[in-house]
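Presented below are the structures under discussion, each in the form of structure tokens.
Two complexes follow with chain A in common, the first pairing it with chain B and the second with chain C.
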Partner chain A sequence: MPLSSEIVFALAAIVVFCLGLYGLIAYAHLVRKIMAINIMGSAVFLFFGAIARRNFDEGSDPVPQAMVITGIVVAVAATAFALTLARRIHAITGETQLPEEQSRP
Partner chain B sequence: MPTGRDRAKAAEMAEATTPWETARSGRAMRLFTGVGAFLLAIVLALVAVELVDREPGGLTRAALDSLDESGVENPVTAVLLNYRSVDTWLELGVLVLAVMAMFALQRCTNLTQVPQIERGGYVLMRMTSVFVPLMILGAGYLLWRGTHAPGGAFQAGALLGAAGAMLRLTSRDAFRALNGWALRGLVVLSFACFAIIGLGFMLMNRRFLEYPSGQADEWIFLIELVAMLSIGAALWALFVGAHPTEWSSEKQPRTN
Partner chain C sequence: MSETLVWSILIPLLGAIVTFWFNPRWVAAIGLAFSLATGSFALWIAYAIGRDGRLLHELGGWGAPLGIDLYADGLSAFMLATNGLVGILISAAAYLYFEPNGDGTGHAQERRAFWPLWLFLWSALNLAYVSSDAFNLYIAVELIGLAGVALIVITGRHDAMVAAMRYLLVALLGSLSYLLGVAMLYGEFHTLDLRLMAELSAEAESSLVLWVSLALISVGLMVKTALFPLHFWLPPAHSSAAAPVSALLSALVVKATFYLLLRLWFGVFSDQMTVTFGQVFGVLATMAIIGGSVQAILQRRLKMMVAYSTVAHIGYLFLLLPLTIPFRGSDTAAWNFDGFSGGIYHLLSHALAKSAMFLAAGIVIMSMGNDRLRNLRGMAHQLPLTTFAFGLAGVSLMGLPPSGGFVAKWFMINAAIESGQWWWAIVLLVGGLLTAVYVFLVLRYAFLPVHPPHFRSPPRRLEFVALTLALLSLVIGFRAVEAFDLLEAGTPFLNAPGGSEGP
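Let's turn to the complex of A and B:
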């Protein structure tokens, strides 16, 4: 199997996705969790980009690309909402993490 | 601010677990998570190698074959605003929801009470003066370009939102003075226009968002134009509204 650039992009996306997943579970701070979710989302977008280019002579597959374009804008909006929510939690409880996770950094 | 109850709870927890136990359980948990993420990466990598090697099937061929009827030359725009326009409509709805949720959390209906931020340094101020007009011009170009090459409403809207963020960082965001109705109207504009156009087609005995044949390009351009404005306004409002200091609670003190 030749090592095409699509394979490299797809494997890089998987590494980034799993790093994000680790960050999401291992850290309790809400801003870290929001960043981790964003890293996972970027990995999914990269994976879609790789999938769109596979074995295709006439350019790329437009369907995954269209999903990435709308996904990026929705992810930015959801991140802004998540940050507002995290600030609200901080304003009410004085904590930067959820009450179930008292003992972790 | 930690309340008395929180402090009591924290003290109780400190008694229940010694620092050593806390650190050990945290380390074990991280090790467990790390191993799990690594195993997941291996499984996903095997799937990806198989998937990338496979011939593309599904919608690709269908999307490219009916490009001539779609009214645009760029297949991505055709997918976004013709074949799957209902999805795009709902994604604009997600943006409206995000802005609504932000206003609900901040207990406000407009952004006029958000405090000014400190003016940036000389470089930032000069750079903004040069970049913001270029970004507005670039947004218009991307919108026009979207019909035949990579580009379109989402990219243009993101650029407008970024221009708004730069203005905010140099505290020259005059849009903040918009009253609640104007701001919410701007954010909701594209979602509403999309729905009205779609229902209008239904009145003409077509399906929801089924463009009249031969006119698809005009309708797509109109929808993209309002979508760009709404996306830019929504991103800018979210950027300003997530301001890191309290700005609305002094106005409307909460009791709960």
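Let's turn to the complex of A and C:
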């Protein structure tokens, strides 16, 4: 099977998703965790892009694109909320980590 | 007729927007009115589905696969009704719990934040129960998560913030994993409609992509349902919230993602539901029941104990899986409906009992200052109604007759024995015994005759709400037949082996 561009993009998306997951688990700083979640989200959107291309021979399938747009809106709202919460935790406790992860970077 | 499904989402959404703009003085009354409307409307929809059968609404008249379908069968109706019934009572409790003090001050911030967020959450829950589109369900799951996290932090306490942050990260991780799984399903079937996908997957061969997507979706939603060993975020999050919020989260929110798992497992992935798959989830469920109960027994604070009890009872829900999938030794090749309805009935009885318990714990904190177990001495004398409510809820959780929990366990044990899987029956019985241990641990302290030093009388009506929930969890044991009939209105098994699918 020739390695078509859709397959390359889909595999890249899986790799980026795993990188984001690693970041979420490995780093304790809340802003890093929130960024890791965003990287995972971008990976999913990239995967949708690859699928949009795969389904059609010419042009691309609009349905995954519509989903990506909606997904971005949700991701922005969730990120804003997470950052606000992280700031409040920092303001109250002076910490930028969850208590069980105090010793990690 | 079919637009009713749209209104089940729009009424609470409208309420959320209206209450958001009102000043704290009126917000509670208006919020309560909208809650009553939402809840009774959901109960009416469930009644209508039980009478006339399943409902289908094509949004904008487009229809699947191009448009988005709203679809409700017996299982959706059951979930809508559970939400409606428990939601109305918790709303009443929240109205009383966040009541201002005599001089009109106090709880103003909680009141302002609670009602819009709760109605928003209710709207998202109803969306999850009537939606038939995998991406629409992602939106519902994400909204449920965001509204749930926001409800935890309304008290402004620092431990609640930390617990909410952990919950938020876990919830986002879970929904992204689910979304990646949905993307793979779309690549495989070129549609997002669950019913179309179920039809296509029945003809398709089992492929690697399907298994990967099953794994991503299952893990993503399991994290959000807090199935052992992915439950670590639940006890601090559920116990640090205000009591009505804890009740909402434990009774209703974790059940929504469980419902989604059922829809996908028995619809889209019915070919992948092998005996091994069922047994693996049976083992996870057993670990949840034993581990959660032991942790509950070890807790020294009432709310943490009740929260760990939720971890254990989520285990019972997942025990539905090995009991529903046809087992090798059994003589029937069809899905086992007894095991399925037993598990679903447990969902209702747990929702009622657990919200009663959390409200009782909230009343204890309100009147005794804190919820350390050793400070509960004198509770039975000072708060007889609350103690009675806690005990009754405990009876239902233990599964003693005639409670709803007993009916659920009876059906599950029957299914286990009939299909030749006696080991799950033992798990169910041991789980009941362990539940009894922590319930009696609380009652033992409650009946010690010591006068509590700082006692403040709680609102009597709040105690009655908790008692109503506990009594309901007991008396639904007498009304199981109607609920099971409702579940059969449009079987949830789209691709039933043995074929019991009707139009």
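Points to keep in mind about this one:
To be clear about the criterion, the second predicted complex is superposed on the first by the 103 of 105 C-alpha atoms of A that agree within 3 Å, B and C clash if a C-alpha of one lies under 4 Å from a C-alpha of the other, contacts with A are read in each partner's own complex, and residues count from 1 in each chain.
Criterion: a residue touches a chain if its C-beta (ideal position, glycine included) is under 8 Å from a C-beta of that chain, and two chains touch if they have at least 3 such contacts.
What you are looking at is a predicted structure, and each value in this text was computed from that prediction instead of being measured.
After overlaying the two complexes on the shared chain, residue contacts for A:G94 are found with chain B alone; chain C is out of touch. More residues of chain A are in touch with B than with the other of chain B and chain C.
By the touch criterion stated above, A:F48 is placed in contact with chain C alone, chain B being left untouched. By the touch criterion defined above, A:V15 reaches chain B but does not reach chain C. Looking at the shared chain after the overlay, A:M40 reaches chain C, while chain B stays out of its contact range. Contacts of A:S4 after superposition on the shared chain: chain B is touched, whereas chain C is not.
Contact with both chain B and chain C is seen for A:A77 once the two complexes are overlaid on the shared chain.
In the superposed model, A:P62 lies in contact with chain B only, and not with chain C. Residues common to the contacts of chain A with chain B and with chain C across the two structures: 17, 21, 47, 51, 54-55, 63, 70, 74, 77-78, 81, 85, 88, 93.
Here chain C touches chain A in the complex through residues 135, 138-139, 142, 146, 149-150, 153, 158, 161-162, 164-166, 168-169, 172-173, 176, 179-180, 183-184, 186-187, 190, 192, going by the rule given at the top.
Residue ranges on chain B touching chain A, taken from their complex, read 1-3, 6, 9-10, 13, 17, 22, 25-26, 29-30, 33-34, 37-38, 40-41, 44-45, 48-49, 51-56, 58-60, 63-64, 75-76, 78-80, 84, 87-88, 91, 94-95, 98-99, 101-102, 105-106, 152, 154-155, 157-158, 161, 231, 234-235, 238-239, 241-242, 244, 246, 249. Looking at the complex, you find that chain A touches chain C at residues 17, 21, 24, 30, 33-34, 37, 40-41, 43-44, 47-48, 51, 54-55, 63-64, 67, 70-71, 74, 77-78, 81-82, 85-86, 88-89, 92-93, 98-99.
Looking at the complex, you find that chain A touches chain B at residues 1, 4, 6-7, 10-11, 13-15, 17-19, 21-22, 25-26, 47, 50-51, 54-56, 58-59, 61-63, 65-66, 69-70, 72-74, 76-78, 80-81, 83-85, 87-88, 91, 93-95, 102-105.
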